[in-house]
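In the part that follows, the structures are each spelled out as structure tokens.
In the two complexes below, chain A is the common chain; its partner is chain B in one and chain C in the other.
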Partner chain A sequence: MKTEKVKNDPLFHVSKNDNLPRWKAMLIRAGAVLVALVICGIMSVILIKENPFKIYGTMITGAFIDIWTLLKDIAVLLMFGLAVIPAFKMKFWNMGANGQVLIGCLCAIACMKFLAGKVPNVVLIILMVVTSIAASVIWAVIPAIFKAFFGTNETLFTLMMNYIAIGIVAYFSFSWSDGSGTIGLVNYIGSKNYMAGWFPNIGNKYVMIILIALLVDAFMFVYMKYTKHGFETALVGESVNTAKYVGINVKKVIIRTLILSGVICGIMGAMFAGSLEHTVNTSICGSKGFTAILVAWLANFDPLMMLFTTFFVVFLQTGAENVSTVFQLKSTDYSNIVVGIIFFCIIGCEFFIRYKIMPSQRLKDILSGKKTRSAEKKEEA
Partner chain B sequence: MSKEIALELKNITKSFGRVVANRNVNLTVYKNEILSLLGENGSGKTTLMNMISGIYFPDEGEIFVDGKPAVISSPKDAFGYGIGMIHQHFKLVDTFTAAQNIILGIKNEKYNIKLVNSRVREIAEKYGFDIDPKKKIHEMSVSEKQTVEIIKVLYRGANILILDEPTAVLTPQEIEKLFAILRKMRDDGKSIIIITHKLNEVMEISDRVSILRKGEYIGTVNTCETTEKQLTEMMVGKQIELKIDRVKVESTKPLLEIRDLVIRSDDGSKAIKNVSFYIRGGEILGVAGITGCGQKELCEAIAGLRKVESGFIMHKGESIVGMPPKLIIEKGISMSFIPEDRLGMGLAPSFSITDNMMLKTYGEGKTPFVNRQAAREKAQALIEKLEIATPSTETPVRRLSGGNVQKVLVGREIDANPNVIVTAYPVRGLDINSAYAIYDILNEQKSKGVGILFVGEDLDVMLALCDKILVLCHGEVMGIVHAAKVTKDQLGLMMTGAVNLTELQKEKNFGIAKDSNLTETEWLNAANEQNGGAENEN
Partner chain C sequence: MKKILSIILAVAMLAAVALIVASCGKTSTVDKKSIKIGLITLHDESSTYDKNFIDAMYRALEDLGLSKDQLVLYTGVDESSACYDKAKACVNQGCNVVFADSFGHEDFMIQAAQEFPNVVFAHATGTKAHTANLSNFSNAFAAIYEGRYLAGIAAGLKLNEMIESGKITAEQAVMGYVGAYTYAEVMSGYTSFYLGAKSVCPSVTMKVKFTGSWYDTDKEYTAAKSLISDGCVLLSQHADSYGAPNACEEAGVPNVSYNGSTEAQGPNTYIVASKIDWAPYYEHMINCVLEGKQLEKDWTGTIATGSVKLEAVNTKVAAKGTQEAIDNALAGFKAGTLHVFDTNKDNFITVGGEKLTSYKADVDFDTEYQKDTEVVSGGYFHESEYRSAPYFDVEIDGITLLDRAY
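On to the complex of A and B.
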């Protein structure tokens, strides 16, 4: 080289760490939460000039104000998460849980609107569930077929299917309603069909979805861990070549797994229509289909771990919303910032779980006050 | 010859996670010399060289070039110090010409392709390379591509050249040529480090040999003062008998008969052209050929993973063409292909050993559940039988070392009691002891009357282990020879297509078994059926 620049040795080495003991990983995660809380504390002092401990207290109490709502929110998010994990385990990135639930819900509502009073209630409810599941399955299977036969990118495809579903729901919420944009009350209050198609309450209207979510969770746990189907799904995700080599029909597995996703979304859609909302509009799913992805990844696609991650995420969101209410903030922006910082730290700390960072010789020399090699070279030059 | 030091390493240590790849390694390279770096797979040779060429940075230790301390944190830095590395896997742009590839990435150089071409020719002439700078990479053979890589390094003014297993992809004749060039470069004052684990090459080419074992520096000896035996001892750490037995087994009727097979590769060209051969029970048939001569496609077709264009694959007289892979597995045909990344096909890297044991058998039984208990017992038995080093049966295979990964794969295949074993590169990347363990397993299967198709890279091994060797060149059979009656040079000539025994000795009817399972009329009927089928399709 003509101009010889003196290069410094690097300060750190980063290397893969495949074998971190579980307790250490948990310790790192706990540390990440702590870091997040400290940053949030500083943010709250700067932005809204409140005592951070008061804010954290409000978050905790806020999340548990209404225990049934909290449990229901967990159950709903859990259903979305359970719908995406079998596909995720197969490395089929299903971003379309929202659309799949929406279209199922719309079909169930259609049954309520057009069959109310014409068939017995039991038949109506069964029809609602069946059509909802069928619609969701179709919505989930279309991208799966394209993926299996033409190798299309499932992420974009499922994402686009969301927008189609939203468009369809938006159209019908106008044409079936008085133009308010939601299919208000499907059948008017006071009419004798007002409650046609409503699912029976067990205790209160949230118990049913909670029980269903728990059942589906248990089913998925067994399915993914102990069944032949689950084994095939995991193998396709692990290596398509190996799966073909042992004689698995990969196309069949992709489609079958997405049917399963669709069934779970269909159940959720029917629950929205028959039990939780009794209506459909474009924002009924919120961003749950996407939050579910976060929940699934944090749980490493394990249905049991997902019980904890959904609780954690819902707890944070509910608590943060309560902060906005109690401290009379004009918007939910602050609570969004808090939730964002906590997620960032928790997801970011995965790097420190998967990799080991060690100081290099140069850093050790600097810390111990020794002359570094680069410095020696500089002197020479 | 002057003894000027070109490159010196002092106490180099590098670890990946908990694995220490190099520990306190010292190495000295003089000008005007060829130094062999000898060591088993996994002994840290490549890691060490990657640190000199700027791909990795050492955790500890120092590097001196021409007596001055050097900090090499990128390949560019390495070139600055006159160090160039020729990797095992070439890094070339297929659609560019040789000259374009050679100047790719050089900064501050005007793009004047005429000047480059003439400079490339100059270098080629000086050292005796055979190269056309205007030829595109995709039209080149493997050895031509290697030439481009070497000139690329010389063009950048390298004085220290590192070659990572340069002979692995070459035929015996090409190796001779490469060695002649290396000697010329040495006499020109360059320092050359050649990584290898082949002892005969070490003895032939190098002036000195440095040996690594399990990441540690063992020592350096002058080649003229040592023997292959001493080198092996230093490399493995104990005395071992390096002899592969060819077990004598009474061979049976043909188990697998292949006739006029045509298979297309992924890009639609014919990968296998009218190939005929057969494997008897109790026989190992080797398949030799340079990379890309159709071995992979052949293996995949036998396992039912690739469509057969035309021709026959008869297993015990029954056609298996068009059968789904599952049925072929059930017929007792086992295929294990060890790709370059070793985990690509046949194993699921993050599955446990138990789960990998049941990859082919998980579907057994009528319940919807997998029988993990049975698989666990099998895994346990296999770990004990093949001495697989693992913490438990539930350890993901990707955490095992290469040798143990392959033992799991080969062990599972044999556990299924196959009658035909198709195995490609089963010892790829293995240390010597594990490789010999695999040869023993294959010989044991052969004694049991299993027919084995062995696709290999190392001609020495194939000559010792196989009964017969089939040589492929561009998808055509160049001949099927008795391993005991052929030399390495003859195989080399056939691999490049210089000698074609199929043409020369047409009367011998290579690959057609005299005691076929089918009569001539049955073969004719099968052919008619296939032709008829094809016409119907049209």
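On to the complex of A and C.
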């Protein structure tokens, strides 16, 4: 019996590793990206039968086909990411950014649809922003209240709120349409109130969202690093009990932080309605609310780091799409697979950052050519 | 940090300006070797609807002697500003003409058309070109109701065969139809299909169920199943997945398909399929751009242009004489003597027992969806004549809508 046990000695010991230096963590992540790119390369050669470097080249040129579109996509994803990080810092897992943005956008569109021509354009735009923010805040605060007072699971709750928002939006995109299920651009061709509620262009239609995303990013950086609120949020995330002990009102912090998330989502919703989409349907958010989680996680919830992680993720998505286009794959599957592999490797490498893996005595023995303890025992027997 | 970003922004702005300036100096005619065509599709090849558009484009390129590399193809483009972004990307890559295939793409294509007046933008199934007043934006569709009518004849003959063999009584000749939305395009489709069947099998009635989605395999499958259990002995559909054909094959219920043959999905139940062949339009569109000619605001493909097609009849399932009956009707369409929506014929198109003598349809787009144009004259409903996209949305006797999806 005893020999059996020795024989089953593990080859590795896994232990928690809290003190990994930052540069080492970054090195591991970079390694993961490298591994992912190699796997993608092999897959591409098998599937597309093309030189992998040509495929990588296509990805790079593809991402820069239109620099403004690239910057806009980065800015939008960044806004979603900035909306989730304060809550994440508090270990409140807000999965509901999609729903929060969607419901805000819906309310702003409702203003455009029903108030256009009745109030001056400036008032209309202000109303759009205000209603959008209010709706998003309500959508974010409901799960926060339940979490704060009843301890409900916020992950499921926020996720569920997404589906409710999608349902409501689906309903209105039918009832406001001519039966086709598509409402089209609001206050556009064929409308008496041509372009009412459309935000003015600064330079071109993407400059505004880029500037707003940068401003919000800077604000969040200061808020989380240098303000009392930011400190309290982080402390609640570290340990609820410690926070309570030093006299922080945890309930208040939870609700306050989610209001902030809601405000950022509301701004994004108003931007969708007034500046980017001018319409609402269930697909305008795509999966950005979820990709934002990845972006935030990769950046370790740091708003400045997020500038790079959002760039990286958008670059990959746009680049992979371009591979489908250039090689005329007639399918969206390829880009999904590439992005999936890269995400998988990056998320997988977190294991090696959070845990230390040590070779066990048995592995050391095997490697050094020594007889293992089990072999010795056997000989003894 | 901010400095670097501002530098990036400044460089980006310069690049954008350079691109805009570069795209302005084009002449009106285009060289065949340098022409580039952009194609934007909602889903990819896994949807019968989009596959039909993609396949036709390759055929058109081959017919015109253009190379594959002259196509910029974007699949899986949502009905959001993603469509505008992709149209812009097509322009940046030198496309002279960009085509989008989904109804919800229309407004975003119009946006792109306003921004790039030197590039031609065309859009399938849309309704706004004739009112949008843009010289470089066009709509296209096909008189698919004629194809549906022909397919309906095949369905009617199959019902007759079932009645004659004693399998069902004349009253039990109930067809089922899986539709996407309670919307003119779908309503025009199922009504013409029904009228085709009725032209050979007068006792036929039809039940319609809507899925509220253009593409949802599960919903289409369940809707088909529930129609079958509701007593429908033959099914057809206007939705883009294989859901309904699969359900029919499982239950052994004959199916008349759309967008292309589904014989592979239902070898023992598939009768025939009608479809739009987009290649004739693509060729027309490309030729116009090559010659620097203005593209029509609305272009409606017909049987004569080769746009409305019927796949080969599956003789294993179809009733005897199907091909002959279809050929006869086809000759009638070509001669202009046969009209699908014939309002003069007795017991054909009635609403509440009365013949349809006048009808106003919503042809011109406005936000209140006003019915603005008289479309019944000369003894028939003039479908797809005042604009390319269908506008027949009359609920006629003999067709029961089991639910609605707006």
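The definition used in the following text is that the second predicted complex is superposed on the first by the 367 of 381 C-alpha atoms of A that agree within 3 Å, B and C clash if a C-alpha of one lies under 4 Å from a C-alpha of the other, contacts with A are read in each partner's own complex, and residues count from 1 in each chain.
Here is the rule we go by: contacts are C-beta pairs under 8 Å (C-beta built on N, C-alpha and C of every residue); 3 or more make two chains touch, one makes a residue touch a chain.
All of these numbers come straight from a predicted model, not from anything done at the bench.
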#### Entry: Fit or clash between chain C and chain B when superposed on chain A
fit
### Query
Of the two partner chains, chain B (first) and chain C (second), which one does A:277 touch, if any: first, second, both, or neither?
second
### Query
Regarding the shared-chain residue A:368, is it in contact with chain B (first), chain C (second), both, or neither?
neither
### Query
More residues of chain A in touch with chain C or with chain B?
C
### Task
Examine A:175 and indicate which partner it touches, taking first as chain B and second as chain C; both and neither are also allowed.
second
### Query
Of the two partner chains, chain B (first) and chain C (second), which one does A:204 touch, if any: first, second, both, or neither?
second
### Task
Kindly classify A:245 by the partners it touches after superposition: chain B alone (first), chain C alone (second), both, or neither?
first
### Task
Using the superposition on chain A described above, determine whether A:67 touches chain B (first), chain C (second), both, or neither.
second
### Task
Please work out how little space separates the C-alpha atoms of chain B and chain C at their nearest point after superposition, in whole Å.
23
### Query
Hey, which residues of chain A end up touching chain B in the complex?
1, 7-10, 13, 15-19, 226-229, 231-232, 234-235, 238-239, 241-242, 244-247, 356, 358, 360-361, 373-374, 376-377
### Message
Could you list, by residue number, the parts of chain C that touch chain A in their complex?
### Response
1-2, 5, 9, 12-13, 15-16, 19, 43-46, 54, 68, 71-76, 78-81, 85, 88-89, 92-93, 103-104, 106-108, 110-111, 128, 131-132, 181-185, 212, 214, 362, 364-367, 369, 393, 405-406
### Query
Which residues of chain B touch chain A in the complex?
15-18, 57, 59-60, 62, 69, 71, 73, 77, 80, 303-305, 324-329, 335, 343-351, 355, 358-360, 362-363, 368-370, 372, 399
### Message
Using the touch definition from the top, list the residues of chain A that touch chain C in their complex.
### Response
65-69, 71, 174-175, 177-182, 184-185, 188-192, 203-204, 210, 214, 218, 276-279, 281, 283-284, 286, 304, 307, 321, 324-325, 328, 330-333
